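There are two complexes below, and they share subunit A, which is joined by subunit B in the first and by subunit C in the second.
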Partner chain A sequence: MSSFSVTEPSKRSKWFAGSLVILYAVITMIPLAWIMLTGFKSPADAISYPPKVLFEPTLEGYVNLFTTRTRQTDEFLAANPPETWYEDIVRQYDMVIAGPSKFGERFLNSVIIGFGSTFLSIFLGTLAAYAFSRFRIPLADDLLFFILSTRMMPPIAVAIPIFLMYRQLGLSDTHLGMILLYTAVNISLAVWLLKGFIDEIPREYEEAALIDGYTRFQAFYKVVLPQAATGIASTAIFCLIFAWNEYAFAVLLTSGTAQTAPPFIPTIIGVGGLDWPAVAAGATIFLLPVMIFTVALRKHLLRGITFGAVRK
Partner chain B sequence: MAEVVLKGVSKSFGDTVGVAEIDMTIPDGGFVVLLGPTGAGKTTTLRLISGLEKLDAGEISIGGRPLRDETPAQRDVAMVFQQYSLYPHLTVRENLEFPLKSPILKTPRDEIDRKVNEVASVLQISHKLDNKATALSGGEMQRVSIGRALVREPQVYLMDEPLSSLDAKLRTDLRIELKRIQASLGATILYVTHDQIEAMTMATHVGVLNEGRLVQYGTPRDIYENPNSVYVASRLGLPRINILPADLFGTAPKGAHRIGLRPEHVAQGEGREATIGRIERLGDHSRLHLQLDGHNITTLADPHTDYTPGGHVRITPRDPLCFDAQGDRIY
Partner chain C sequence: MSETPVSRAARATPPTVARKIKGLSDRAIAWIFVAPTIFLLLAINIFPLIWTIRLSFTNFRANRLNREVEWVGLRNYERILTDTDIWLNMQATAHFLFWTIFFQVLIGFTLAWLINKKFKGNDLWTTIIVLPMMLSPAVVGNFWKFLYQPQIGLFNYIIAFFTGKDPSSFEMLGSVDLAPWSIVIVDTWMWTPFVMLICLAGLRSIPDYIYEAAEIDRASKLRQFFTITIPMVLPFLMLAVLFRGIENFKMFDLVVQLTGGGPGSTTELTSINLKREAFEKWRTGYASAYAIILFVTVFGLASIYVKALNKVKER
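Take a look at the complex of A and B:
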């Protein structure tokens, strides 16, 4: 029985496990740290070899990310002294700020499309998963397989048909089009994951609520949803990460109004040389929403399975 | 409170019979206990009345109002589940408030507080009101689950072994309390139990189920004294009734195949000599386990009896129940 001991692990094994986790965390965070640091480097420091760990931080990358700049004549520069700290930074290169870049818009597009499709996937997915879990649906297994089968080929394989369909329907380069597309891809994941979570919730809770004077939908809302919170939170994170990072369809289907950040960030490289600090600054800002979202839902992820008040 | 009438109620689950053609009237203010082994259809009967299961055939009416497609909420029944089914994300107080806050009842706040506190004190859980429902012992959960039904005043209470996981003292307390509530509210209760004392002390009527059929329905005394089959006779009574060959004590009564002898119907002092196997001294009385021609017979003796294991005692039947070859009662 000793091999299945349920006693507290020894101090040494805890220490060892802890060190492994920390080591793993450090290794996985190196690229992140690299990107974040590069965002604060000057272009020269960013490409220096060997890489500089200690450097003089500058907001140049962030200024370049959010602005477009033009070169100006000496007379113009002399006649218009810089008024703000960010103009100061640009003047080092004899440039002036011509206006804001598209990054803000693209980032906002990412937020609208990413969170919009996540919300829609979870909303539809939860309702469908509940129905599959609780009601006797004709051909339920076949329907579930059909839903799953949409994930059996790489989405990009249908890129051309979707491109043509979207052009016909006027969905190309629209927020709605991208939200629908990402929802279509995510919904199978959402239905399957959430069905698993809802299956775990005993029916007795809803039955008790039905008898306590609630309708089926109220029972679902007041009793099932709170208990499915863990599953919903983790599913939402998966859906958001996919929609947030998606690149191929974004390149193909968006160009202006609905372009998201992933296809936009590489275009920074083409403007005025390899501006790595600006790219890194864009990547850093782009990472934040998913990080914040994940941290915000952390409580639900860690809470784990509520061992219930139903006697087995 | 209202009368509940079941007419020809049937329900199958695939090939398995849940209940079959049950006719039963639960009188207004009645306390009806359902007895039967696991799978006899007791819980199914409760679920059909509550509307959690749909009838295959037959009709159920509550207070003269036939229920067809009415939802559980519309039926206005309260149910205590065998598995407690407390809402794990809510506190004990919120669990007790839940039915009162339903869109059907919409109880005012002060009324909710009054009822919840009253029920909590009756069930001795006042000190746990702010605990999470999951942070309770089994007995406490069961009390909360009873409380969630008692805060309401429904047409009928349905209780599925509500006292099964309580300790002996609490069980006795709550048994008396439930009976008091039933009497003072005039509540109609349909109650499932395996416990003989609960059935005998609380019930106004007992229904015995066998494989989904209601095989006998009557007062507890009637069921105990006049069972219509070996099956019913064995369901009620502790120690269990002695079922013996009809000719064990000489000539068999006419037509009888087997006889049934309640422990108190074994007279001592004359008749055939039986060997004493074991004596259980329970305080207020003793139980004798006897052997006669390879048959076990259980009977009672006074608490200070001087019988010893291995000794002998002469016994004879008094008022035996006689059953035919099918196990049906003949007289």
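Take a look at the complex of A and C:
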């Protein structure tokens, strides 16, 4: 520091604050690190006492996650030697791979529904936010509050009539049904956040464009959209994370074709209740993209969380 | 901001000029832009809500469509409000709400205050702390169940290591005394970062010159903390409490995966109980009345709280 400042904390207090925060961060990471480690353990190592930090890593959990297996007779096993490394792993338990598990499908459903609903929320949300930001809409404040208040409802309360409605319309357990539902849930936050970002763009830019002969639509997508790009991107991340993580609607309204990963992962444990490595592997694959996202995009994300809460 | 030719030209233009330009009228565009959102919310939020209100006055059961539906007036509401089991669920929810908010505010504010000391690398560590809140609550609940296993779980092992107890002598999820705390611990682990981030925004919004002025007046650091830092952060903190309060009142996914409401009904929060009534016992009419009561409760409490918040902001 070149100049003395009364608000700059002393070196000692910085060091003290830093070590406490790092200590907290390390403690908070232990459960996550543990679950990732467990994914590489054998079922026996996963439930050993005392818990093992050092162990021989294996991909058994991942193989069990992606496959279904059946027990076979000795003659069958002798007649059909394993051909691939993953069959090798399964053979230790006198089993053969019967086929792929449902995890891949469920994961793909999460991707489709997550991106589909994010796209729709952002598309509709940007239009609405622009209108609320730029035009005089009768009862605008009431409408905005109405849009936000829909988020206060417990998901189960909304789920009852939606369950009945979807059954009538044939939307239950479909991708489209889930995409529409998640869009409806996300759009309130999207409009709210996006209006904040668009409010910050000076009106003069569009008005200048209008005078140059642009129509409102052209001014909107040639002038406003590029300016709001960062805001739109960070809002999209929030919508995506919500749809990715959602459980209550997913467990009540989907069971097969459109089921997402969160209701599926807990069921991997199976009947015996001992296959923790496969559950851990599933959780790792499912959670890792979000973690990488968070770290990579931390600047926009952290600003977004506080921005959404703090504005107003 | 620097003056650009565009903005200079724009400022010179009278605002009425902009309105007379070709294309659809602004009014039409405004409605075209807002209508889909409003329509979607009406179809998937408001219409279902009205339907729930209607169902709440009937004895409808969604698993028996052929049965004749009767209007029962306010009987569902009466039965819910006089049911002692539901009051137990409300108590469990209140316990969960109070202690999660208490710990999250305490730890979250402390962390924000420490991070605001601007030590080297603070934003990387902030990001790491934030990770749990980005994850799927159901999956988190599921793997904490593993950590809480009495003999093999890491949580029990660590507690045993520091206290010298036998790790199989206590069950976080199986015991009536500990289960309500096990859900508080996981929720605090997951959501403290949220409170921390909002507090951090609050702390960063305090301009330096206020502290400089206090320093000139020779106010002690402790006094500065209580007369500047706390009052300036309070509105932010209250907002964080509001958000956490609403979210935790609705809490379902994390707890249902962790304890499923058990043992007995010690951790059966209202949402879990509601799900049981609606989708396991299929008492649709009754559950609808229950849902309306919960919604009115959250909405009422939140409105009162927002009024209080606005008063604090005005000061």
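Please note the rule applied: the second predicted complex is superposed on the first by the 256 of 312 C-alpha atoms of A that agree within 3 Å, B and C clash if a C-alpha of one lies under 4 Å from a C-alpha of the other, contacts with A are read in each partner's own complex, and residues count from 1 in each chain.
By definition in this document, contacts are C-beta pairs under 8 Å (C-beta built on N, C-alpha and C of every residue); 3 or more make two chains touch, one makes a residue touch a chain.
Not measured: the values here are computed from a predicted model.
Contact with subunit C, but none with subunit B, is seen for A:Gly125 once the two complexes are overlaid on the shared chain. With both complexes placed on chain A, subunit A has more residues touched by C than by the other of subunit B and subunit C. In the superposition on chain A, A:Pro266 makes contact with subunit C only, not with subunit B. Of the two partner chains, subunit C is the only one that A:Leu287 touches; subunit B does not reach it. In the overlay built on the shared chain, the residue A:Glu207 is in contact with subunit B and with subunit C. Once chain A of one complex is fitted onto chain A of the other, the partner contacts of A:Phe135 are limited to subunit C, with no touch recorded for subunit B. Using the contact criterion defined above for the overlaid structures, shared-chain residue A:Ser13 touches subunit C, although it does not reach subunit B.
In the superposition on chain A, A:Ala33 makes contact with neither subunit B nor subunit C. Shared-chain residue A:Gln227: touches subunit B; no touch with subunit C. In the three-chain superposition model, subunit A touches both subunit B and subunit C at residues 202, 204-205, 207-208, 210-211, 213-216, 306, 309-310. Contact residues on subunit A toward subunit B in their complex (touch as defined above): 202, 204-205, 207-216, 218, 223, 226-227, 306-312.
Against subunit A, the residues of subunit C that register as touching in their complex are 6-7, 9-11, 13, 15, 17-18, 21-24, 26-27, 29-34, 36-38, 40-41, 43-49, 51-52, 55, 62, 107, 111, 114-115, 117-123, 125-132, 134-139, 142-144, 146-147, 149, 151-154, 157, 167, 189, 194, 197-198, 200-202, 205, 208, 211-212, 215, 236, 239-240, 243, 246, 249-250, 252-253, 257, 270-271, 274-275, 278-279, 284, 287-288, 291-292, 294-295, 298-299, 302. Chain contact summary for the complex, subunit B toward subunit A: residues 50-52, 71-73, 76-79, 81-89, 98-99, 102-105, 133-134, 136, 138, 141, 148, 165. Residue ranges on subunit A touching subunit C, taken from their complex, read 5-7, 9, 13-15, 17-18, 20-22, 24-25, 28-32, 34-35, 38, 46-51, 124-125, 127-128, 130-132, 134-137, 143, 146-147, 149-165, 180-181, 183-184, 187-188, 191, 202-205, 207-208, 210-211, 213-217, 241, 244-248, 251-252, 261-263, 265-266, 276, 279-280, 283, 286-287, 290-291, 293-295, 298, 301-302, 305-306, 309-310.
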